[in-house]
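Read through the structures below before going on.
You will see two complexes here that share chain A, one where it goes with chain B and one where it goes with chain C.
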Partner chain A sequence: LSLAAPPKEPVLMCRSNNYPKGFYCSWHLPTPTYIPNSFNISVIHGTREMVCEKDVFPKNRCHIQYLQLFSTVKYKVTLTVTNALGKNSTTLTFDEFAIVKPDPPESVVAKPVPNNPRRLEVSWQNPSSWPDPESFPLKFFLRYRPLILDQWQHVELSDGTSHTITDAYAGKEYIIQVAAKDNDIGTWSDWSVAVHATPWTEEPKHLTTEAQITETTSVSTSSFMPPPTTKICDKGAVVGSGAVAVCWTAGLVLAAYGVLFI
Partner chain B sequence: GDSWGIFTFLCAALCNLPALPALNCTEELGTSQSIQKTYDLTRYLEHQLRTLAGTYLNYLGPPFNEPDFNPPRLARAERVPSATVDLDLWRGLTDNARLAANYRAYSRLLCYLRALDGQAATAELRHRLGHFCSSLQALVLSIAGVMSSLGYPLPVGPSAPPGTPVAPNDFLKKMDDFWLLKELQTWLWRSAKDFNRLKKKVPPAVVTLRLEARGF
Partner chain C sequence: MAAADSPSAALRRRDLCSRGIRLAGKMRVDVVDLLDTYVERQGLDASSSVAAVEGVPAAAAERWDEQTGTQRLLENLAAYRAFRVLLAQMLEEQQEQLGEADAALGQALAAVLLQVSAFAYHLEELLRLERRGPFSEEVAVPPPPSNLGLFERKLRGLGVLRELAQWAVRSSRDLRQLAKLSPGSSSVPSPAESP
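Right after this comes the complex of A and B.
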């Protein structure tokens, strides 16, 4: 059995992801009241009261259009929540420029570059909610790391919607994300959906020519393995000097990979 | 009373400096680079202003230095042309009008800031204001350079605003200072957008043609 309660102070957030068109505000209650609540939002700009149009979906959200741009006067948004047991309210005051935060970039794609074992080509698109990238260009922030490491690498890009990573570790799967920001004002968007990609690797030709002998000593090129040279050689039901040479080569390759990560 | 008269006179003198002829420098640069330089200057100034405004508003004291301070705009004569503009109007501005609006605004702003510098009570304020005014002057000259290289006439030198009433009390004087800094901040935000737009509309090729024409 839950007791009905008067509303606690609501949580209000306002943001312009479609600058210079306008902004939206969204809100919620920190704890449920278990009875119906009604919300009233007021937006005051200088001496003028503006109408924030309630969105059908999601609920608890409204949007407003700017009548003028580059305003010196702050916007004051007050949200009041009322139910049968009481009311509560909260106010936000902000400059036009302070709440600009684009949506993350869309359609992020990362591809290997043929014959380039250390490159990855990344491309993306402006968020579709940003109405005028020509007059209000975005800049971008790219971050990437191999799955096996925790440290991100970062690149800030002041124009263009593509970038080639040139220092990828060969053969390692990467995770890549992009964020956007208006060139001059506001804050960075959230990170885009992450994409994965592995740089191009050459087919191991020397192993395929000795197909029968090396069947069981295949070396995976897309995931890092510690160098268990003995393990591979043990697996292979191989006899003869040729097999030993292959074993050796595999061991050296894996040892080299190991050195890279020390 | 007397000091305000002096300041008005100084303002008039400073603001009626002859327009810059200096075509030599800009011809060497090239218009698109001049626009880029002007854009970079607005960004630099915007950054500098954050520190300057923080110091100055603390000097003015509460409520001016409170983050949520949101006073109504009093119906006093506007000293500086406002950056605020209707979106479609802003989009439709010709390059000349866009540049002229920036030139006029910053010339006036420079003038008023110089007056503030003259009155500054602390050494720190004088230092910061002085440095800022130098950078702001560079911006005005940079805009003038872009206008000249594009063949636009400079707007007539801004005279000291004719009938600006002197603030009748200390609080209203502080209010004037508060709005001056706010207007300056807004202009710097707007100018970044103005010069972004100009960057795209003025290709380097334009400069070559104009230089050749001047050669004759």
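Right after this comes the complex of A and C.
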């Protein structure tokens, strides 16, 4: 059995994810009242009272069109909730710019780059709710990390909807996300849906059999020189100068063993 | 002389718009920094409400998306000419009030004044390109009322800088809208977005 209660102070939030068209406000009660509640919202800008059109769904939201842009006058939004046992209200005051928060970027795609074991190509699209990216361009924040590590790498991008990661760990699966913000005002969006990608790696080669070694190589070096089908130090697998040095060393060792057994 | 709608004029206009957008962006960053410095040095509360200040051009615009390119340029030019005068007044007052005691604030004000002047000149270039001359006379900005107390003067300065910060954002949007217009169509409203 739940006891009916008067409403507690409602929680109200206002945000513009479609600047410069307008903004929306949404609300909820922190605890249920167990009886029907009615909500009334008023929006005042300077001396002007504006109409906040209630959304059909969700019911606890309304939207308002900007009548003025670039105003320094604050908006004052008051939400009053009433039920049979009482009423409560809350007020939010904010600047036009402060509530601008785009939706996250959409269609994030991350792909390996052929023959590049440390690169990942990431692309995304502006959120579809952002009405005019040409006049109100967005900037982006990309974060990525290998699944095996906790620390994110971050890149801020002032234009374009793609970026190539060039310092990925070879062969490691990455998780990547992107956020957006108006170039000049407001706050960052939430992070996009995460995408996963692994940099390109060369296909593993099959090990040669003993019979192939005997058949194809000369007496002097045959047993211990790498057969033609096996590459120890393939260029594609070389990551940097350190790895090149390792490859050369391996080659020298093998050659030395070959000479010893002539 | 190239016609306003010639290819070279279109390229020049695009170049001027791009540079103007960068100028406005830099100006905004500096004005926001100046605002922080001003609030701190003048001992003000950053959230103080300031009534509309006489002579300060309001950035607020109704039906902004329906303005023509020429309207945008003219309104911007009038605004920055006014800010040029207002910032010079603030600089003079600040020097009288504090003298050398706060050189940093004075330097920051002077730097922004320089940017405002440069931006006004840039807008004049754009208007000349649109062959929209002669321009109206320099705006007459009334001097601050002489009976204002020190605190009121500080609040007035806060109002000036806040409005300038809004203008810097608006100007980059205005120039982007202008850049979208085809050459020779500055008297036509910008393509309106559907609601």
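By our rule, the second predicted complex is superposed on the first by the 205 of 262 C-alpha atoms of A that agree within 3 Å, B and C clash if a C-alpha of one lies under 4 Å from a C-alpha of the other, contacts with A are read in each partner's own complex, and residues count from 1 in each chain.
Assume a contact is a pair of C-beta atoms (placed from the backbone, for glycine too) under 8 Å apart; a residue touches a chain by one contact, two chains touch by 3 or more.
Since we're looking at a predicted model, the values are computed, not measured.
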Overlay done on chain A, so just call it for chain B and chain C: clash or fit.
clash
Counting only touches as set out at the top, which of chain B and chain C does A:20 meet: first, second, both, neither?
both
Should A:57 be classified as contacting the first partner (chain B), the second (chain C), both, or neither?
neither
In the overlay, answer first, second, both or neither for which of chain B and chain C A:76 touches.
first
Pick one for A:47: touches chain B only (first), chain C only (second), both, or neither.
first
A:131 contacts which: chain B (first), chain C (second), both, neither?
second
Would you mind listing the overlap between the chain B footprint and the chain C footprint on chain A?
20, 67-74, 97, 134-137, 183-185
Which part of chain A faces chain C closely enough to touch in the complex?
20-21, 65, 67-74, 97, 131-132, 134-137, 183-185
If you look only at chain C, which of its residues touch chain A in the complex?
25, 28, 49, 58-62, 64-65, 162-163, 166-167, 169-170, 172-173, 176-177, 180, 193, 195
Which residues of chain A touch chain B once you look at their complex with the stated criterion?
20, 46-47, 66-74, 76, 93, 97, 134-137, 183-185
Which residues of chain B touch chain A once you look at their complex with the stated criterion?
43, 68, 70, 72-73, 82-87, 90-91, 179, 182-183, 185-187, 189-190, 192-193, 196-197, 200
